[in-house]
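Shared chain: subunit A. Partners: subunit B in the first complex, subunit C in the second.
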Partner chain A sequence: MKRVYVNEDRCLGCHLCEYYCAFANSGETDMAKTFKLNRNPVPRITVESAGDVNFAVQCRQCAAHPCVKACITGALSFNSGVIQIDDSRCVGCYTCVMSCPYGCIVIDEKNNGKTITKCELCTRNAIGEPACVSGCINQAIVFEERGEN
Partner chain B sequence: MPVNFFPAQFEVLRNTDKCIGCRACERQCANEVHYFDGDYGKMFANEANCVDCQRCVCICPTGALKIRPNENAFRESANYTQQIMIENYRQAGSGGVLLSSMGTPKDYPVYWDKMLINASQVTNPPIDPLREPMETKVFLGKKPGSIRKNPDGTINTELPPHLELNVPIMFSAMSYGSISKNAHESLARAAEELGTYYNTGEGGLHKDFYQYGGNTIVQVASGRFGVFKGYLDAGAAIEIKMGQGAKPGIGGHLPGEKIREDVSKTRMIPMGTDAISPAPHHDIYSIEDLRQLIFSLKEATEYTKPVFVKIAAVHNVAAIASGIARSGADVICIDGFRGGTGAAPTRIRDNVGIPIELALASVDQRLRDEGIRNEVSIVAGGSVRSSSDAVKAFALGADAIYIGTPALLALGCHLCRSCHGGKCNWGIATQRPDLVKRLNPDVGYQRLVNLVRAWDHEIKEIMGGMGINSIEALKGNRLMLRGIGLNQKELDILGIQHAGE
Partner chain C sequence: MKYVIIGNSAAAIGTIQGIRQIDKTGQIVVISDEKYHTYSRPLISYWLKGDVTEENMRYRDEDFYEKNDVDTLFETRVTKINSNKKTVTIKNGNEISYDKLMVATGSKPFVPPMEGLDKVKNKFTFMKLDDAKAVKETAAEGAKVLIVGAGLIGLKAAEALEHYGADMTVIDLADRILPSILDEEASAIMQKHIESKGVKFILGTSVKEFSESSAVLTNGATVQFDMVILAVGVRPNTELIAEAGGKVNRGIVTDQKQAVHGLKDVYAAGDCTESLDITTGQQKILALLPNAFLQGEAAGQNMAGKETYYLNAMPMNAIGFFGLHIITAGSYDGEAYTYTDGSENYKKLVTKDNELKGFILMGDVKRAGIYTYMIKWHMPIDECDFELLKTKPQLMAFSRSYRNEKLAGGYGNGD
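On to the complex of A and B.
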């Protein structure tokens, strides 16, 4: 399966991926509007930085998917390589947040924290391809096949 | 606080309706122009630091930024321009020599723009390069002046060493040190893919790049940095740098801050020491001395590699080139005064040397008049900005061209002319690891390949229009050029007629 990977040696720590991600999943058509009108857009990708080292982290869509196994309502599911979230079933218990070894499950502030959200590789928004990848100014974030993990 | 004699040179215009406060501009500005003020809750700019490199403008996700020249106006005159006033203020403050980078911004005539190219009509058909073969491959090196026969009567086909170029465009010398490792890697990989050559400059060859040796021209300059037998053997050709178009008669000075571990190893000098290239080669004071160095290098590489000699275009360039052609060099590289540099004294860059167009025409003519044009190939550089400039250079007699600035543009350079500051926001003219990272060589090399391929397509189109199907047939074919708005002296030097003649 193709997955999103970050080449740490190329990541500049500009944080633009977070903004492109939040915009892509906001449902808005104008980026400035998304952030100016304070609609709490939530990025599903986070740039971790320490000193000169930066890298963006988002859901690995891992084959083990402990979040899916931990989900008490069956809101999380693993479908053709993507771990998906069904908002209507999520009760906001955050068990998945605790179980994710990468810290990639995000609390959905847009929904006042009542549900979680996560990277679904932009398969369920209007963008169609991962917005963090297309928005990365140094092509540090790539969407490619690297064998199963 | 002392009086600030001159204001910021640029204004940062931020459209607050569009700015989303992502602070990418702040994180990406090595000059620390942008900052976020928590009290006001918005972005501000310290404009005095801005060099107009356009990095922030290019990465702003909402297009909220514009940089433009400061509209504040001094009471300038045609004689004392604002620029001259600021330069004097600067020197009165620092007491130092003014430094500049890249090609001169001054308004000298660009002769490329005063020459027009011919095309075929009716009597000699143009060629469609998409349907018919079109040759842009060239060979650099000595061409035999006569047909020689072996004792058994067969023709001797042995040639002096040549370089084969799939495209008549090479990347000019930019040293590792003046540009980053990622920039060098981009150039090396692009040269390999294109079947052409890049040039190490005088900074030696990084150990990681020996693998691209077959597409590398290794330079031997006055500082002799990084020169040893392995280096000479690694390259496809050796270039002796006598001068550079942007700073003829001047050596080089790479400040100690840029001599970090890798650069120090590559240049073979201690870390943190200034790398000073003397103005002259201390062992070359005549053509005979130059001949000695040429043959030392040939001897060291067992006569397997062509030796280039690069000179700046100066007043008596034709006579100098004639001497070089007789000294055993295989290729003469002429660098015009509008060419780029990583750092040069401003007054030298803006006032010394002559344009490449005139130098090239006079060198080609002189060598032809003396019957020694076949002894050397000519490579022209120093502000060949486009494929049409290249075509005009071939028609004036160049065998191939060197591009430096266009290659940097492909890598993201916006010609802010601040290379000497070492804080290149595009990761090109810097050694700061966090900035070098910004140039992804996977992207950079592809953009270089694209640029040269695009030029190659255009060269073929222009040649096709002239009814010419190879660079060989275009070379020195000055009937294909006409001057526009040039006086008789200029036309005579260029060896072309005026439009309408």
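On to the complex of A and C.
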């Protein structure tokens, strides 16, 4: 199964992945307008930077998916290797935020924090494959088969 | 193999999922005294407030029982466990046999004896959907509400009732709110926040005597009300196990496979049981939905024959009141680092023996799970950049090799 892998050595901390992620999941068609018109789509990937160390992190789609097991409403589910959020059933309690070892459940500020959002590997938007990866100019994040389940 | 599960909430659902991970064909019977498809108990305040529909309170999809081949007996109360015969007796006297039994009976509201309480007509507890429905029927615009108990349940009820324009007074014997999960500083910030929404608090006091529509408090004050919410505390439902000869302290005592001490082929999970809190080493009741699910899942696997241990339990809460969020975990005995920016953001990190043992985040709770797992995974403080972690939860604070393992390794291994 193809997964997202992080190449910390290759990350320049340019944040392009965050832009591509937010845009891909915004449903908008013009990237510049999406950000310029103050629509503030929320990226589901986060770049951490300190000195010359940079890396991007997003949901690891954990096999044990502690966020799904902790969810108090059943809004999170694990389907075919992807942890999905049904935001119509999310009440924004943030139990999943508490339960993610990687800090990858994102509070949806665009919805005033009333729901969460998270990386679904672009399986549920028009792009279909991780937009962060295709938008990365440096292969700092890759989406590939390495023989893991 | 025939599995019988008493209860139909998070621990019971975890049990079903745990069993079905191992045994796809054994018969599963769920017995519940409620009439509903499994629903999320913590959502009753959201339902009362109008944030979720009753349909969206379901904890699992409509076809969950069907997909997992589960027989359900709703509105059925189990009155006795006959462990010698391996049966349970239900209220009409019939017996149902089991090979493996799960007791996921949860907890019930604790209402201490209070003088004159029987004179109060409109009094409610607030744990089940039917409680919330009863409250909704009575809650009229501008109703005067007395809430007894400034804990999670009482304050969630207050949040919901604010939506009805209720005039609310919350009293508690403790001198601060949410003492079970917050420290004094955080309690004070949250109290001020809730007061700003019009809720009044009278703390360090209790009801001396009720009359039909007022209460005289031990501090001499009198509070008028149209309705009373009783949210003093909860008690685990341990009677079935105790009567059958299983071990009960405050909650049902199990081993880490969730098997009940003193009874064969009987398991227990959820709010009726005790867990080992890894941050204090103490056995305690951790009445938390994620804990219930995980205990149930581990129990289910064991019931179906796969040896599984439920480890790493600890108190943790993610909850918000009137828009102010808190995430807390672990215990607060140790060296504390605290930070507040003078607004409603508050942070406390507690370390002991070179480990993070507990934290409180209020306001900004982003990425809190990184802290949670530092506790769970016993990560040595001196192997990470704790100064960086004080500013915010971040993976940058950990070693390159840790990040390589967790991120470049692709598949996450959160547990």
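Here, the second predicted complex is superposed on the first by the 146 of 149 C-alpha atoms of A that agree within 3 Å, B and C clash if a C-alpha of one lies under 4 Å from a C-alpha of the other, contacts with A are read in each partner's own complex, and residues count from 1 in each chain.
The criterion applied here is as follows: a residue touches a chain if its C-beta (ideal position, glycine included) is under 8 Å from a C-beta of that chain, and two chains touch if they have at least 3 such contacts.
Since the model is a prediction, treat every value here as computed from it, not as a measurement.
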Subunit A as common anchor, with subunit B and subunit C clashing or fitting: fit
Dominant toucher of subunit A (residue count), subunit B or subunit C: C
Which of subunit B and subunit C A:20 touches, first, second, both or neither: first
Partner chain in contact with A:31 - subunit B first, subunit C second, else both or neither: first
Minimum distance between Cα atoms of subunit B and subunit C in the superposition (Å): 16
Contact residues of subunit A, present in both the subunit B and the subunit C interface: none
Of subunit C, residues touching subunit A in the complex: 10, 14, 40, 42-43, 46, 51-52, 56-61, 289-290, 293-294, 297, 316-320, 325, 327, 329, 365-370, 372-373, 377, 388, 393-396, 400, 403-404, 406-415
Sites on subunit A touched by subunit B in the complex: 9-10, 12-16, 18-20, 23, 31-32, 34-36, 52, 135, 137-140
Subunit A-facing residues of subunit B, complex: 17-24, 27-28, 59, 61-62, 64, 433-434, 437-438, 440, 442-443
Subunit C-facing residues of subunit A, complex: 3-8, 48-50, 53, 55, 57, 59-67, 69-70, 72-74, 88-89, 91-105, 107, 113, 146, 148-149
